[in-house]
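To keep things simple, chains are lettered A, B, C and D as they appear, and every chain counts its residues starting from 1.
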């Protein structure tokens, strides 16, 4: 046992200090402060929790010991994606966001927290360049929330109640969106054709109740939508909005959705300088054009430039604060709370480091290695591609002809320190290729898969 | 290949910028600037170096891949010491010294680098409390250098040329000291008795040429010197100084050498919040009393408090700058250069976190577990202790009676993920017990050693 | 620092980092599909800034210093936010590839450590709340409230009462997200006002409940710091009406180990790991939420669930009645690990110390603030408070015309934060302070001294306060730039267009006309 | 921040961290030896400050912000120090237990990675210098110079010339540590002054060499930025006299891949990894030194040596002729890994770019500084410079009475560093600038603008400059407090005694009288 009950996290546990403070309050014991809490509601004695590790060395050893039971994706060749991506995080990103100044700040005013406002304004500004859009929110929780909110916004903006889901979409995302919008809005699904939107079927389903057409590109299966302009025109002709869910990392080399008519673009920023974190490092973006009809329906915070009492000086502040739930409670737009600001700063540092050339190089590298992986894997006997669309980073392998299930493949290859992808159907594997996966890694996968399929 | 030769570390590699700058200088090419370097001395073509990893992701993977070939002391039970100690480093220490502000600062003036001066002044001040001495230097390279310098100082202060080495001393340290002082000073060795100073033999060797008696406590073998006062009196009677080499981590629970008459106390601060770093995280301290005769012989920087033009404000600066080699070249005292300031700051944060109670607790824990380890290990058949002195953290096992060599023991126990200690003789093993070694770890060692010695 | 906007630092051609390049074989493979891609190729690279790496670092490090983190100031002025010490050891612990580089869908066998930590944290929070089961999936407090309202909706639907029960009752001093989430989930919101003493009004509740009542969603202690001692009756009244009761424990700091949601009969509650459980506030997230529910609500928890079996920890993606996904995968893993480490650093008696000292600090602060002329603590006069207090500068305002907001800005000149409160300003000229357990008596004294100093300034030199800040990187901001659609500039590109293109941004420029 | 000295923040009883406690069995074992320890037990705990953990963090974070690191300013004013970008990825790389928690005496098989990195770095530096073998053991540049002089001494001793060769020749613009180390190793030091053009004087060298010459120790380019084009002749003259030639390449930045120590015939050279090879300056260390030697000096290198064998990397502790230990174990491991990563990020052509751009930057800066009225660049008029330039404000001083030191302090008000030079001030009113390859043209322009601004201030408002700093945490320091033994206070305890005890500290108080 420690020979002192003074805890390093709780300075005023020093007994003499407690006495001094009690005297100032006029109370005779700390118990007095709890006078409003009926005895019948009190915990008797102490909670039943494990013995603590008071010595920091022992605590560190305990928790690190637990974490060391994990094996990270750095220790295997990982083709896992499906919403969490193993892109490289530049060291400058972690250097910045691990600074106590950013890590422990919270809700200060634009004066003493000028740096936080600037960092986030710069993040939204760089996202604006990537997306060719003028308005980007301070990150909401994650891409799922961003998408759900974007669709809810579409409902409010149009006053309509139907959303057409036209792409192959991650089922988790559909689950989230359904939970979120179902009180107000109905989802209608139009199946894809060869991995992309079935524009004819879409046209047939559009009507005067349609608030939005929602597409994903890259789709859940990595397909790059090539009929964007057609889809946008169809939606707009029907008085509906086009909401595009996407991953911004592609837009160093790919035309952003705004260029072909998207009204709201949304998605996840994890790819932009955030580690995989067991799926728990997320930020959601929503981008719109500079139109108050849209902006006033955004629930998230928006930071804007402001002039100050000093000529030429830039200040920052919350744009249109009064739309938020902080100001209006239930009359605000959805809600706003502690979300994902630090990840927004991370994505900002990422984009500032990468610059236009870095983003363009990255896009090309991923496109090229994806194409290589598709070609090599499709060359294996019994393996074919799920569709023939152009893909970014992810694609589906169809193993039906091999006689093996996707789960069997995964089990077999894990034994070789390869995570070959995510099982998304009995014979379907979703394979992910980031810039950290080289052709050598792909060759290893091809050879391991070839060997396994030859067995028996 | 990168589609650009602009390197992130070298901004002005942008071709148009180079042209612009050349124009200002009046040169036609960068080659002009090298006009003074004869062609005969020029490297023809490029150096023969491995292909670089231009992409940061690939560089990180390459170097981390090499480091991952290592197995750290966190992955075994390590009883290794002999100059590098596995004490716990509080997280606040790394948080502070990894800050860019401290990490990338260098030699600014006390104005723009006020914080660096303050942090180091506080470090020396806390060391002063631990050691009960009024003057402590800004860290020199390491404990070896500190000891060598302390002994060289003793020679200059006394004008004498003989140093008596009276304790069991790390042979590496003796090698360093010999290299350093041999131009001016001779080392004379008085063997220890039962792990501690042989005061009678020491008395016999003291003479009018003796500049200093040099003892180590804890000694190389971890022995705590109990005749300090006697040794100090003997030295002083002979007009010599007492130089004590030590590890400051003991002085939360042990009487510091100044209290029994040491004139110069010196050693290594690695134990105070610096990781093991493969033996490469070091800082040396030299402490003296507030006596100009001593202070003016110190080659290192000394930071002092200074008043400023504002009443009550603390400033800092270099004390007696003119003694240094920066000021006086070869007329200065030895030399001063980039040494180990950041580790000094680390040790300061360590001591500030630990406080008196932490240091006292730590000393007691180490003493207790050392005693436990000695008792348990000495209980094994064929194993005895090298001496019967009181020990702090380290002690010697004598395996002669077991019929096994120390090297055999080490090899056998390594196979069980135990590093049982450092081989310091055919049958002698130097075992180290820090506060990170629990009685459970010790029991594991005892049982493994017992098993091994029973074999065959 | 007078650090420009990053776009102003751009030099064409500079690079911040180089990227892995496609191998020749990959380039060749890309060539084979380039036709398919041609319509998708971006014509010109995005106009991101171009900076050498060191300049990127310098930019962000400089602006970081223009920020006041909880590590830097006596951060007791952001009341209701529970600005406590986020231990550095937890940062050390989480920065390992063994956490940062885990993929949620990798082999379960390779995830045993993280699954165990999630499971243990759920257990701990179940014990702290007294509830039956816990989900750590949500990314913040409001999201946890959403999860709770979604479960409430699913519960009533599963009983065939989905259509009928369409009202949610809350109180004005409960966090606004309770009202906002309920509304977003399709409920009508009824907000109760406090009684004359500032306590939630039990008569108002009786009047409000009906067969339409889906749930009561309530904070306790409320943002005023007042504990509703009739809380069990509140829950009973709602239960009797067939509704559920959800407890907003975003801020449970003052009652850890003192009283539990289960004791008052709640069906659901939630915690913010970034408040009570010490995960850093991170400039406004990521936080993390914990939703804790009673046995009858457990089937509705979000998917997936972590289960402990003899063979180790496994993930159950099933959950037929589950509301499904509220957030991706398992939750904000770094924050769950931090919270776990924090709990394990304190244990049961440490958690109780947290509560007791936080409450001591708060009442000590209350005693000192009350001594500042012009400051008061409305409601529940003479009573002690739990975790925080909503104070008022009304008297000072009446004397000097200086508003609470102006005092807050002036406080920043002393290197301190200060927060007024959520709208609506029921307490006039409000300010909300919460010292938590993390600040020492000396630091609280320091904060109060600054507060008293500014109050004195307001009387003696009101212009000094009114024209603040004087000590910050920037000066008073023109709020019209932020509220006028013709002037607001939410990105740099928008700023360039609006202020430098000579053309005003109009809807006509936009590619779509709406609705 | 106006952050107190840490002792002033102490509250008795507070704890910053708790420590692992001895188990009952260990306590019992201690009891059994307590008698032996009794005379050693400290009577009262050391008077260290007592602070809760968050207050420790706040203290050090605040004072960190009162520091101007290379990451924060345009750090070209610390000439000769080679303030370049220390890449952040190298920090990421080294912060792994796989390096930080290695013990040098653990199983060689468990050290293969770090041994390989050391070996590869030695190889790279051998190639960069053209020398035969390299040791990375030393902890800084001066220590590497020491290792070199020690090897020189051992070399002559091994030839039976140890007694005879007792003189070392250096130049006044070589780094002072060359002279200081030679002296400390027992040599007489002969310092050559420059010729009329500022180049090292070859005639002076001819006059200085003799059979007593042990070595020439020389920097090139010198601190003035001037390259000694007769360097090969210098080496030859010393060789012909039987001496060795050691090249101080602390600052090799401008000639990487351009020219090598071996080309000029040197026997030894050294590099500072914290200058040329980008390891951070760390507030003044740890740095790291590399000693590179020719084949005939190789046997004298410090122990141990890392060797590559078919079975992997092994450590050779032998080395009969070795000078033994200059520093513990292998050297400053984190810096060696950083330097390795830096070299591997650049490669041969990158290193050459480093040199070329550093030299371009330096000559660009030279052209701009020369345009500031009152500033000049003495010596080698009209010549280009390599890596840095020692400038002079002599003209400005004559015009205004403002010294270079005063200008330096005023520069800090603009958030910039500025360094004069080492003593002795051969160049009057000196200042030494070195832009390295890391700063962009824009940043160099920014620095020069500040310099020009201060020069203008010196003419128009000299008092403003003389009374600087105006913008820093502290104000002008009283240097007498630092030089007068009765007033200096090198620790807080000493300050308390001297200024508050009423008793002056005298020698009589000290426990020992000397000599």
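Everything below uses one rule, namely that a contact is a pair of C-beta atoms (placed from the backbone, for glycine too) under 8 Å apart; a residue touches a chain by one contact, two chains touch by 3 or more.
As the structure is a computational prediction, the values presented were derived from the model and not from experiment.
Judged by contacting C-beta pairs, the busier of the interfaces A-D and A-C is A-C.
Averaged Cα coordinates give subunit A a centre that lies 46 Å from the centre of subunit D.
Distance between chain centres (mean CA atoms), subunit A to subunit C: 18 Å. The centroid of the Cα atoms in subunit C and the matching centroid in subunit D are 47 Å apart. Multi-chain contact residues of subunit C (touching two or more other chains) are listed as 11, 14-21, 52-55, 57, 61-62, 65, 71-72, 85, 87-89, 91-92, 95, 415, 438-441.
Multi-chain contact residues, meaning those touching two or more other chains, occur in subunit B at positions 2-4, 7, 9-11, 17, 54, 56-57, 60, 88, 90-92, 94-95, 99-100, 357, 361, 435-436. Taken together, the touching pairs cover every possible pairing of the chains. Per the touch definition, subunit C reaches subunit B in the complex via residues 11-21, 52-55, 57, 61, 87-89, 91-92. Contact residues of subunit D toward subunit C in the complex are 1, 9, 11, 14, 52-55, 57-58, 61-62, 65, 71-72, 85, 87-88, 95, 415, 438-443. Residues 2-4, 56-57, 60, 88, 90-91, 95, 99-100, 357, 361, 435-436 of subunit B touch subunit A in their complex.
Within the complex formed with subunit C, the residues of subunit B that make contact are 1-4, 6-11, 14-17, 54-58, 90-92, 94-95, 100.
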